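Note that the chains take the letters A, B, C, D, E and F in the order they are written out, and that residue 1 is the start of every chain.
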Amino acid sequence: MGKKMRYLLDYQEGERVVGFCLVKSKEAGVASNQSEYLNLELGDRSGTIMAKLWDVNAEIKEAIQVKAVVKIDAVVQSYRGKKQLVIQRIRLASPADEVVMESLIPISPIPPEELWGKLESVIHSLQSKTLQAILLEAISDSEIGERLRQYPAGVKMHHNYYHGLLEHIVSLLTAAERLLPLYPQVDRDVLYATCILHDIGKLYELSDPIAPDYTTPGQLIGHLVMGVEIVTGICRKLGIPLGDAEVLHLKHCILSHHGEVENGWGSAVSGKTPTAVLFHYLDQIDSKMNAIGQTLSDMGEEEWAYANVLRRKVWRGY
Amino acid sequence: MGKKMRYLLDYQEGERVVGFCLVKSKEAGVASNQSEYLNLELGDRSGTIMAKLWDVNAEIKEAIQVKAVVKIDAVVQSYRGKKQLVIQRIRLASPADEVVMESLIPISPIPPEELWGKLESVIHSLQSKTLQAILLEAISDSEIGERLRQYPAGVKMHHNYYHGLLEHIVSLLTAAERLLPLYPQVDRDVLYATCILHDIGKLYELSDPIAPDYTTPGQLIGHLVMGVEIVTGICRKLGIPLGDAEVLHLKHCILSHHGEVENGWGSAVSGKTPTAVLFHYLDQIDSKMNAIGQTLSDMGEEEWAYANVLRRKVWRGY
Amino acid sequence: MGKKMRYLLDYQEGERVVGFCLVKSKEAGVASNQSEYLNLELGDRSGTIMAKLWDVNAEIKEAIQVKAVVKIDAVVQSYRGKKQLVIQRIRLASPADEVVMESLIPISPIPPEELWGKLESVIHSLQSKTLQAILLEAISDSEIGERLRQYPAGVKMHHNYYHGLLEHIVSLLTAAERLLPLYPQVDRDVLYATCILHDIGKLYELSDPIAPDYTTPGQLIGHLVMGVEIVTGICRKLGIPLGDAEVLHLKHCILSHHGEVENGWGSAVSGKTPTAVLFHYLDQIDSKMNAIGQTLSDMGEEEWAYANVLRRKVWRGY
Amino acid sequence: MGKKMRYLLDYQEGERVVGFCLVKSKEAGVASNQSEYLNLELGDRSGTIMAKLWDVNAEIKEAIQVKAVVKIDAVVQSYRGKKQLVIQRIRLASPADEVVMESLIPISPIPPEELWGKLESVIHSLQSKTLQAILLEAISDSEIGERLRQYPAGVKMHHNYYHGLLEHIVSLLTAAERLLPLYPQVDRDVLYATCILHDIGKLYELSDPIAPDYTTPGQLIGHLVMGVEIVTGICRKLGIPLGDAEVLHLKHCILSHHGEVENGWGSAVSGKTPTAVLFHYLDQIDSKMNAIGQTLSDMGEEEWAYANVLRRKVWRGY
Amino acid sequence: MGKKMRYLLDYQEGERVVGFCLVKSKEAGVASNQSEYLNLELGDRSGTIMAKLWDVNAEIKEAIQVKAVVKIDAVVQSYRGKKQLVIQRIRLASPADEVVMESLIPISPIPPEELWGKLESVIHSLQSKTLQAILLEAISDSEIGERLRQYPAGVKMHHNYYHGLLEHIVSLLTAAERLLPLYPQVDRDVLYATCILHDIGKLYELSDPIAPDYTTPGQLIGHLVMGVEIVTGICRKLGIPLGDAEVLHLKHCILSHHGEVENGWGSAVSGKTPTAVLFHYLDQIDSKMNAIGQTLSDMGEEEWAYANVLRRKVWRGY
Amino acid sequence: MGKKMRYLLDYQEGERVVGFCLVKSKEAGVASNQSEYLNLELGDRSGTIMAKLWDVNAEIKEAIQVKAVVKIDAVVQSYRGKKQLVIQRIRLASPADEVVMESLIPISPIPPEELWGKLESVIHSLQSKTLQAILLEAISDSEIGERLRQYPAGVKMHHNYYHGLLEHIVSLLTAAERLLPLYPQVDRDVLYATCILHDIGKLYELSDPIAPDYTTPGQLIGHLVMGVEIVTGICRKLGIPLGDAEVLHLKHCILSHHGEVENGWGSAVSGKTPTAVLFHYLDQIDSKMNAIGQTLSDMGEEEWAYANVLRRKVWRGY
């Protein structure tokens, strides 16, 4: 019933594409006949693709801006082994087009309500009233709560799609839950709180969930320390003493989750508890599995494809 | 009912110790009165302790050798902040003493039959007949099977006690089993086979399970490549083609389990599949959790203690 | 008029020393005649020296604890090329001895009032009312203010003596003042505020100013992030918006003052403003000059001596 | 007598080239007039050159594939300081053209029979019957023997031409023969065997000798371990015990020939015998001399040219 | 009075530029219509810009060479987010054009006479007659003296403009003068001499002050050792003993000014005196402040811009 | 005929040693009976051994100085697994004892005349009159010539014995001679000159050939740059232009012989010619083979022994 929606990356070389998409980047050039053209990066739910718009006039050049929604009529061609669009016609979308955000950006395959439910149930299961109060306060905050339902976990490395951060958190919570019985030396509640809050600073390190860029505070302070400051702010609000041992432990896990300081990967301090050490590896596993998973699903028929997160090729297997 | 056995590390400063232990190392010295003395490292189930034996004659000096079982009568004193024994009397144990090995060396707290049962049940659950056949052949081999019930996972870093390797394998299998549902891009059977075989080369890299040292083949070839050669030997025996994709994948996971080659930690190749990448982190988690756990249980009243595996202090928590 | 006070390090081999000092560390041992002895590290204003106390009984062994003030009667001998005391008599100091702290620990050669005056005058010179308010609040805080008059800048590397941190701050302020005219791209007020607050977290990372050790929060959070949290606490108290650009800049300079993250020296973020980059080098200069200066004044007649801070020998010159 | 054959790189800017060559890579593009073009990398015995083919139709675009032999009619132009071909006419070669492989790919300047003769004479000179038997078996194997007469030593770094690996082996044998009298602590026979077998795994790590790419086993296992497995396979076939000391030593030299593990250059184990240490340096010398030699002969009139193998410029000298 | 001279970088997109500039680099290409074009990098006092010259004939292609002065008539267009010129007309400048060098290359904003005066006054203030004599001899040498008034401090990293090295030296002298009172352990005269001579080898490492490239001796020996050889040459001429302690110290500071050898930044020896250690940091400060300052003044309205010297973005501030 | 001379290391545990040796280091201590003792390091041709001298009086303590020749009567005992002497009687040697230097220090096994003859014959074979003149001048210099016949190649790493440097040079010349025919891209005369002069700076970097320590110029300048300065001094004396290409090349090889600058091993510049690259590896081979060779001959019955030069154990083989 009803034909399946086709997205940008679903079309093959030679096909004609008519549809809506988002302008992700734009640069102007001058051809040898001295007319101007635009190189556009266009995106929708399926990903992004480069597009060429020849012979642009000043009006079009001005109208087509980054983050604009446009309707295009284009042909897929091959350029340097990759598909590229050559645009025949283009116009800005209008409200009348009733384009929905979900069709324009990549999005986590898991519904946000399901993820949110899992998050809440873990928080309610905590035995530490201190950590539970901090977490409830965090997700009840209207700004944090809203962003947590929207933000990706990063600009490009992993879980880089709508509510990707929430998916990453819930995946970590599940992994933590499953490994905890094996390692009784780990503090269960601190581990769960770290899963939820380790990247909470990213909600302010990144500018927005659609075409995220780094904010100025994000670049000056970084999401690890920003996360710690959010925790401290909540503690002050709730009257939790800053020297509380569980709070210290939680902050330690946030500050050390990029691994050992000596490796130069961005931790403010090296992990010094089993909980901190375990979390670092869980985070590595979940982010790398997600990124390699994306590479594997994009590689089509190829047996090997380059995975940015590993800086080498990965094997599709048999 | 019946008094609890006391071991070397159970005694406090000032107490007298009478009992059996193993000589782990020995060195001779000459005191300022020109009489000779021995510095001995003695061990039993509870761990090891340094001991001083003053005024030794040639006969005693000859009799007390590394790996000998001795009976001592000694006093616990404090030296440089650590307990040390000053031996009053010492003699070699005789068969009549009926000393049991279990009392002389540290040993995994989990009974080996329980571990072995888990190992076998995982092997029987495999869907890959190829990998299952390789694993069954491995554990059925009389030498591998016997060593697997005895060897530690290493000389000192982690799971460094009787059947420590088997404990490590089963712990990894459990962790793998629990995380697999989260990461469907991982090959379940290859992951299980890697858990079981990744350190199988250690059975030949180390000399024996009691006071292990590195063998010559161990130092020249290393346990990663030795493990791969064992797999190849089994394949030849069973008639499994060497180019079999699952076998290649298993070997890849064994060769890459020390992480990226560029880090210089000893992998022969960097992990290039989700299975290989995941296994590396699981192995890091299990070995670090075990080593930190040992540090935590040895630290007594201290809030902080040095953990060799991390090359920094760890926190006991609250 | 009046003979000059002599301190521990002023005595030469063969001389007899009678005086008060502080026990910095202690370890017990057992001699070949099975009597016990203590190895003590004793310190006073002039520095520290190792001391041997033979034939100790249980009472003395119990009484002599780390951080105790003792009176000794001892002889200077040479051991492994270094001076060492052999103690003939020792007793705990009593209130009647009227020992003053200044004689017991190394102390900055510059009077604290002079340093404090310089600190205040710089703060009053700031044009930024925001930063000025933060700094005034910090030094007016009774705890911070008191500790700032007492704490060293570190356990051993540089400015490791009474009010050494204050001396380090004032030295940095002077250096900053002198270089600012050359580099107009640097933010003067932020640079001054960073000089004063960059190590403020050390007041809580270290346990006390006499025989400092690392606190638990110090090891879990580290003095960079602790400093940022102090700044945030003051801002909240004063009603300064957390997004204030000058405050962000100050925090950035604190978090980046150990140099580039990639070097693995402990910065939480790499310096991204001329002010942050300049401060890192000023801090390196001031700490290294202080540490090398101490090595040079301790090296006596030697032409070369080992400087811990550089991990190589330094040259006294001609 | 007879004019000298001219190859692709022999032509200067402005000249017309008519001849046969191999398509090494191909990518399609779309010009501003929306016609399609191809960027081709063409190669023959003299090396490779980029070529432009404008206004291609679908038929040509389909016909010209990588590894095809083509006949071109083209003009040499200059682009970004490098020569480039602009193709006027192109067609696939047919059997009637009687093109010989030797004219299409770079090839070692030394005849393979001469190299093979040297290889055999060294093997016959060995005193170790074990190593001699292994080597004779290896070169008698029809697949290994054939590939050894064809394969390059690598895709691009050094000896990257037809039977380049054989040339590299013989060069190493000669160097080894000449240095052995100086270093009697080195095991002569193991050194020779390592020269011959150290890269034997490359015969399976690379796909073919004409336009080599990495195979799947090559990427998963790597040529060091593949080489060891070949040695083990031969030992099994010949009934040589796997614990034979000479065989262990040979495997050790193969596994360590990329230098110390800590450097992260790909050894599975660090060299622990004089033979292994010497071989690593001989291999570095021979590969770097070959690569720099190629850079020097390609640099023409320039005094300095970039050498990939060193990642810096090399000097032609005077 | 009189309109302000406009330079290349002063023009905005769409404007027409008529004026003189220097050809910094040139490369030829072939368009899809098979006509040739040139990509030129043109420069004047304001910096450099890329320019396109379409449809060139052989005569023009030959005439326009690197380092030629040309007159252009062009239009500013935007390409990939950067301004670019499309040249309509171009001709070589003739003597009659009376173009002055100062208008063609970037130049230090401080007049050379002022810099030179400062340099001389510092030299005259030295107390060490040995170092003073060496410095006077150096700046009196006609070649060194002339080059010192012209050369940049580098090809691109910092102070990369006409008499940039002299500006760098004087800036360092000023910084040294200001910090010396704080660090009495530093040798004042050696520090000043190092400021002046540390990069003196660059006068021979670089080919010329206009479009500098590395000379052959520069690449083979490097400016650190070249500087030491210049000092030695002067000492021989003046009859100063080569073992003179001040001369040794000066050479040590020159050879160590790139920091610790272990960092791999190009020092021949690690700094082992307070003077050498201080100078390294002063040089880092002055070069980084200059480079970041250039990035900041070039970044226009942007809040963040990439700084090559730091290999990351820098913040413009508020 | 005549009994073989026995040296310090020839005696076994329990034997009595009477003979002459050299005091290499000395440190005083105080025993628990408060009498003083000396720990001495004594050496002769066979190597060095630790020795204990109990109950020393002030006179003996003063008389026994480093570099003194003494006659001892002692007993060999075992301490921490190593042999150690307990001295019964000791006195200074007198001229009447007619002790010869050759019996007191380790010495190259090859007679110096033979090494010198080889050195001269290579120099006479050079085709480059410039390099030949430099080399003849160097070895004719009375100081250089004398030191070259005496100095070790280093304090402890390799060829650390009397005329060890000369042995190292001749060994390198032989290796160079043998490899040159394989690598025609290498400059024969520059390679030979580098073999002879690469470590010539060590003749001034080290204090003396008997108990060498680093000189002040050696630590400030380093033997690479010192060697270049010696070459320059000779060129000035002989009137050879400093810009001579062969001289530049020779200096380049000296300055780069510790490998790539980025590795941080002490080169002033990275090798940029085949000659420089080859020499670095030849030097590595010769020094490592010598050091490993010493470890192998010292290891006695052991199968594995620690080699300082590799920082790991080496295998004796079968």
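Structural remarks
Criterion: contacts are C-beta pairs under 8 Å (C-beta built on N, C-alpha and C of every residue); 3 or more make two chains touch, one makes a residue touch a chain.
Just so it is clear, the model here is predicted, and its values are computed rather than measured.
Among the remaining chains, those touching subunit B as well as subunit E are A, C, D, F. Of all chains in the assembly, those touching subunit A and also subunit B are C, D. Across the assembly, the mean Cα position most removed from that of subunit A is the one of F. At the interface between subunit A and subunit D, under half of the residue numbers involved are used by both copies, so each side presents largely different positions. The interface formed by A-B recurs in D-F: of the pairs listed in D-F, B-D or C-F, only this one shares over half of its residue-numbered contact pairs with it.
One simple way to say how far apart two chains are is to compare their mean CA positions; for subunit C and subunit E this gives 41 Å.
The centroid of the Cα atoms in subunit A and the matching centroid in subunit E are 43 Å apart.
Looking at subunit D, residues 32, 216, 219-220, 249, 272, 313, 315 sit in touch with two or more other chains. Chains that are in contact with each other form these pairs: A-B, A-C, A-D, A-E, B-C, B-D, B-F, C-E, C-F, D-E, D-F, E-F.
Residues 216-217, 219-222, 224-225, 228-229, 232, 236, 242-243, 248-249, 251-252, 255, 260-269, 272 of subunit D are the ones that touch subunit B when the two sit in their complex. Subunit C meets subunit F in the complex at residues 31-33, 35, 37, 52, 54, 77-81, 84, 86, 303-304, 313, 315. Of all the residues in subunit E, the ones that touch subunit D in their complex are 27-30, 32, 34, 36, 39, 216, 219-220. The part of subunit A that touches subunit B in the complex is made up of residues 171, 174-175, 178-179, 182-183, 185-187, 245-246, 249, 270-274, 277-278, 281-282, 284-286, 288-289, 292-293, 296, 310, 312-315, 317-318.
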